[in-house]
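Each of the two complexes below includes subunit A, the first together with subunit B, the second together with subunit C.
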Partner chain A sequence: MKRSLALLELVRMALTILIALLIGYVFLLFSTKDVAEAFKWFLYGPLSSQRRFVEFLNNSVPLIMTGLALSLVFQARVFNIGAEGCLFFGGFGAMLAALEFPQLSVLHLIVTLLTAALFGAIWAFVPAILKAKWKASELVSSLMMNYIAYLLVLFLVNNYFRDKAAGALVSYRFPQTAWLATLTRYRLNSGFFIAVSVAILIGFLLYFTKYGYEIRVVGANKKFGFYTGINVVVTTFWVQLLAGALAGLAGGIELTAMYRRFVWQSLPGYGFDGIIVAILARNNPFLVIPSALFIAYLRVGANIMSRMMGLAPEVVIVIQSVMILLVTAEALLERFKKRIVEREAMKGE
Partner chain B sequence: MKAIEAINVTKVYPNGVVANRNVNFSAAVGEIHAVVGENGAGKTTLMKILFGMEKPTSGEIRIFEKPAQLNSPHDAIALGVGMVHQHFMLVPSFTVAENIMLGIEPKKNLFSLDFKRMEQIISEYAKKVNFELPIWEKVMDLPVGVKQRVEIMKALIRGAKVLILDEPSSVLTPQEVNELFVVLKNLSQQGITIIFITHKLNEVKQIADRITIMREGRVVGTYRNEELTESQIVELMIGRKFEYDISRVKAVPGEPLLVVKNLNYFREDGAHILKNLSFVLRSGEILAIAGLEGNGQKELVEILTGLRENASGEMLVGGKNVLGAKPWQLRQLGISHIPDDRIEVGSALDMSVAENMISDRYDQQPFSGRVVYRKRSVIEFARRLIKEFSIRVKSPTTLVRMLSGGNMQKVVVARELTNEPKVVIANQPTHGIDVASSEFIRKKLLQMRDEGRGVLLVSTDLQEVLQIADRILVLYKGEIVAHLQNENLTETDLGFYMLGTKRQNPEELKELLTL
Partner chain C sequence: MSNFFQNFIDPAFWYSVLRVSTPLLFAVMAALVSSISGSINIGIEGMMLMAAFWGNVVGAFVKNPWIGLVAGVASAMAMSLLLAFSHLKLRVNLVIAGVALNLFGSGFTVFMLFALTGEKGTSASLGSQPIPRLDIPLLRDIPFLGKVLNNHNALTYLALISIFLVDYLIRKTPLGMRMRAVGENPDAATSVGVSVLRVKYLSLLLSGVFAGFAGAFLSMGYVSWFARDMTSGRGFIALAAQALGGNSAILGALGALLFGIAEATGFTLQSLRIPSEITNMIPFILTLVVLIIYARTRVRSHSRIQKI
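Now for the complex of A and B:
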């Protein structure tokens, strides 16, 4: 029975994607004449050249990291959705370390990335402590922290770290010692390897350590956790801090590898995409990797399509949203599932 | 004539549990029909199907010999089927009349209710079926037995000709049970069909006309009451010979393990829930706290296990006051806790049996090194406990959700009794589970006692209390009203204390508590 159910889950996933693509197709019908061509770029674009393939991989790096952050908190049934703010603040932390401690030379990059993680954790500390001490809803406070991070960081960067020589609103350029390497001539973000390793590490933490056990028990039933002797408040507190650190690190990696300045003038949205990644991965850190790759593929495919066809990339957001609606619709194919379960249950006779 | 009938009914739940397999069941007009079986035998599912709460996967329902399509309880009610659930569905702040007429209340005009007419309808009907109700009292001020009668009236006034009762006696005192049976007998003489689920076989023998026995989702058979003895019923329920052999040697109480002094607890709304409780639990004894549900037992247990805060007084373990300590601190002192709610508190339904069994020692050897959690030893340990506690489950990695009530409870008990506890606080350890599992758990508690541990048994099941307790405290409205040695006691003796009609004088109590 387990096998047929797993198969059904796969079929369900495939069907979900197919339906979403179909709806996307209908949208394209309204926005371009050459739908087939547009669709081809959308589906095949990221594979059409090495450069585009690397673009796709690079795009997945922050998504893996934020997807992990959200998987962690969701596993503990904590609805802290402040990854966006943590990422932004973490990016700011990376910039501070990169610009202020160039004398560290060899250690400079490591310190920069650690600072990013630390700043992310600091940002997550606020909703976490509010929850632990005064039972404030982490959903509300973490959402608010996103906007505070955004405006506070913009204010600081634009007033104190702005590179007046640059033609845009960006910070000073990071010294070379704080650069995260990019590989090949298409600039593959080496952060990709960091992200994948972190995913495996977090998966290990969750399923193979006692801390992970605590997190899963708390997520499965808080009352049970408290009754059986787990300090639920402490566990939910730390899980938020760890998630914040991951999101902050995502910001640090993105800036030190891809831009080497603080360049964001609006929220980049990775933190929110991370929610989608986590849901698709069913909060399983190991599945976060394919799930993030999938979202990145959609994003990059849409970009390529809009570049090649002169189309609005908003179309992809519509498709993506439809897909999430369908994925989260548990009842899809429920009838088939029921039939399999019934047949198998009666077979035992 | 058959009042209600299930023909070849099969029900498979979405999680794959087959609750009913080709069940055939019928109840004749005007009979009292008992449905018995172990937990997970499918009794409740069958009743839910008859009442339209669950749709059968296959099979047919007939009501008064006409095929019935039941999509919801509304359909069942319209066809004359009523159900009284184990947990009452009443609005506490409404009066009896308002509760009974809720949704079908007579109106004077668009805005105001016709209370006179309400009273008239209810008292007329009450006279007809011959039972009394305090029509204008608020439901929250009523004793449980009366609340139950309100529920029965609610169903009757909606035209119920078939009345289904899910474990109606489980919340009642012996005296109240007798009153309920008078009411039920009366109703059946008026031509109303009564179907009731129960675990208590003496009640079945006392009142049922016919008995349907279920096992593992099937109907084993339907018998006339006089065809079977109690022990034959048990054999049919569990499918083998059953020895009712709990024997108890006299306790050898040792040093005090848990001393409670002047414990008081006020709820947030100011109600005085626990009033100056003092007692001593010694090693090698089972001290029972008996009482009707809702007399402060829940709060007492939660306070003693660290789940509830803000009590005053003293709770001494090893001479130290640990009142207000957290659950993990109390567990370290060797206090384990079998909670009354295995689903909400006692387990994580979506985790495996193995992972549920180590929740209080996951961070210790051999389940965990410094960081790494050792799955293999967890599984091995679970296998051992599954065997030792004869839990029926396919594998240690099966989710707890898939287990029947009795097996789920055994998972909880297995965990709580195997971490070398000094004190076991067992709150309703066999509530709502089958005979065989109950016996098993009671024997385990006796074994704990004989090993020199202290067991605090909180229970509303008098049979259980009389079977295994050494001393009994009776809790009534948050006070200890009696302290009895379990020698030559009967359920009726306890019943008087539980109802508050009798209490020992303070001198008697004082003397025994300082023992």
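Now for the complex of A and C:
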């Protein structure tokens, strides 16, 4: 029975993706004459050259990290969607460490990345403490923190760290000691390996340790958790801080590997993409890796399509939102699920 | 600094408070009519964006702001139907559905904007059809109040009227009574023959109408173009303002005005050369503060009953 249920889940997933892509196709119908060509680039673009394939892998790095962050909070049934702000503030922290402590040499990169994680956690601290102390809605407060992070960081970077010689609104260049290596001539982000190892680590934490078990119990049934002696408030608090640190680290990795300056003038959106990554992965850290790869594939495909065809890549956001609705729709294909369960029950008699 | 305080006795300041409060007033009503029947509408932001986009674009194409307004409100209603269907029929978690709707609104409007105008920033190139301002004869002549209340966008007056309409709807009509019953105890409501599903559909749809007005005002009154993500968190700020006011439309409206005052004060500070990034933060920080105050009072009243 477990196997047929898993099969049904797979069918559902496939159906969801198919419907979402179909809707994306319809949208393209309205905006271009050559839909077939556009769709070809969308679906096949990331595979069309080595450079684009690397672009696709690079794109998955922040998505794995934010996907992990959101999986963690969703596992505990906390709707903290502040990953975007934590990532932005973490990127700012990385910039601070990279520019202010160049004398650290060998340790510089490590300190930079740790600072990014720390800044992410600091940013997550606000909604977490509001929730823990006064049960203030973490959803609203984390969203507000996203806007505040955006405005505050932009103010600080543009006024105090701006490289006036750069010709664009960016910070000073990081010293070389704070660079995260990029591999091959297509610049593969070595953060990919960090992200994958962190995903495995978090998966291990969640499914094989006491803390992970507590997080899952709190998520499954708060009252049960309370009566078995788990400190629900403390658990949800730390889960949010850990998620913030992961998102902050994502910002640090992205800047130290890909740009080596603070370059964002708008929110990059990885935190929001993390929501669909986590939902597709069913909040399972191990599944976050393929899920992030899939979303990165769609994103890069859409970018390539927009470069080749002059269309807006935002169609991928539409596709993602449809996917969120369909994947989380409990009633979808429920009849089949019921039938499988019933058949198994009859067998037992 | 004296400049700053003088500002508060200037009718122009209070005029601008009403102007910036208009979308918030509508959005608070949107939050209220859905929360009163027990469903929190996270998707207001996305509905507003949709309405702002379609209101402006349709208005520009048919060269008539009122048809634009209808189109904008209709698009927000379509979004709210999508939300209601996903939540009530497909049983998607309401919060997740709201988040998805916001993403959808953001992506869809930018995509369509680019398809229609070839630009990704604003729709200014389409030309604009703003909703007219009303010059009201008698009001015009009252000394201080005339300058504050007169010559606003027609939608600003509608926003003010809708506070009382919603208040009446919730407290005095049978439908409002059913909405409250469903919000407070759906089982009890069912037992006396109220269709919970229908009431929830209705209140989400009504929520879409108000969100539609809020969005349409942004692109056809507040400014006369559509800009990407132009709602900038107003839908969420409205949720906080509504929480502050509880189940009362009047108190919720006062909450919206509080945020309006904060925003208008931000503009004043900007004219005193305080960076816009800092002044733009004020409403968001105020939201956090409001959230804490609201949550504190609530925790205190509940703490004797429940420990978790």
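One rule holds for everything that comes next: the second predicted complex is superposed on the first by the 349 of 349 C-alpha atoms of A that agree within 3 Å, B and C clash if a C-alpha of one lies under 4 Å from a C-alpha of the other, contacts with A are read in each partner's own complex, and residues count from 1 in each chain.
Basically, a residue touches a chain if its C-beta (ideal position, glycine included) is under 8 Å from a C-beta of that chain, and two chains touch if they have at least 3 such contacts.
Remember, it's a predicted structure, so these values are computed and weren't measured experimentally.
A.B. asks: When the two structures are laid over each other on subunit A, do subunit B and subunit C clash or fit?
C.D. replies: Overlaying the two complexes on subunit A (C-alpha atoms) leaves subunit C and subunit B fitting together cleanly.
A.B. asks: Tell me which partner A:S141 touches in the superposition: subunit B (first), subunit C (second), both or neither.
C.D. replies: Touch partner of A:S141: subunit C, not subunit B.
A.B. asks: Would you sort A:E9 into first (subunit B), second (subunit C), both or neither based on which partner it touches?
C.D. replies: Neither partner.
A.B. asks: In the overlay, answer first, second, both or neither for which of subunit B and subunit C A:N231 touches.
C.D. replies: first
A.B. asks: Between subunit B (first) and subunit C (second), which does A:I317 come into contact with in this model arrangement: first, second, both, or neither?
C.D. replies: Second partner only.
A.B. asks: Put subunit A at the vertex: what angle do the Cα centres of subunit B and subunit C make there, to the nearest 10 degrees?
C.D. replies: Result: 70 degrees at the vertex subunit A.
A.B. asks: With both complexes overlaid on chain A, does A:N159 touch subunit B (first), subunit C (second), both or neither?
C.D. replies: second
A.B. asks: Subunit A residues in contact: does subunit B have more, or subunit C?
C.D. replies: If we count touched residues of subunit A for both partners, the winner is C.
A.B. asks: Considering only the touch criterion stated at the top, classify A:K223 as touching first (subunit B), second (subunit C), both, or neither.
C.D. replies: Both partners, subunit B and subunit C.
A.B. asks: According to the stated criteria, A:G212 is in contact with first (subunit B), second (subunit C), both, or neither; which is it?
C.D. replies: After superposition on chain A, A:G212 lies in contact with subunit B alone.
A.B. asks: By how many Å are the closest C-alpha atoms of subunit B and subunit C apart after the superposition?
C.D. replies: Minimum over all C-alpha pairs: 5 Å.
A.B. asks: So which positions on subunit A get touched by both subunit B and subunit C?
C.D. replies: Correct list for subunit A: 223, 226.
A.B. asks: Contact residues on subunit A for subunit B in the complex?
C.D. replies: Touch list, subunit A to subunit B: 1, 208-214, 216-217, 220-221, 223-231, 337-338, 341-342, 344-346, 348-349.
A.B. asks: Which part of subunit B faces subunit A closely enough to touch in the complex?
C.D. replies: Residues 10, 12, 14-18, 21, 57, 305, 307, 326-328, 331, 337, 339, 344-351, 355, 359-360, 362-363, 367-368, 371-373, 375.
A.B. asks: Note which residues of subunit C are touching subunit A in the complex, please.
C.D. replies: Spelled out, the residues of subunit C in touch with subunit A are 42, 86, 89-93, 95-97, 99-101, 103-104, 106-108, 110-115, 120, 232-233, 236, 239-240, 243, 275, 277-278, 280-281, 284-285, 287-288, 291-292, 294-296, 298-299, 308.
A.B. asks: Could you list, by residue number, the parts of subunit A that touch subunit C in their complex?
C.D. replies: Contact set of subunit A toward subunit C: 27, 30-31, 79, 81, 126, 130, 134-137, 139-141, 143-145, 147-148, 151-152, 154-155, 158-159, 222-223, 226, 232, 272, 275, 279, 311-312, 314-318, 320-322, 324-326, 328-332.
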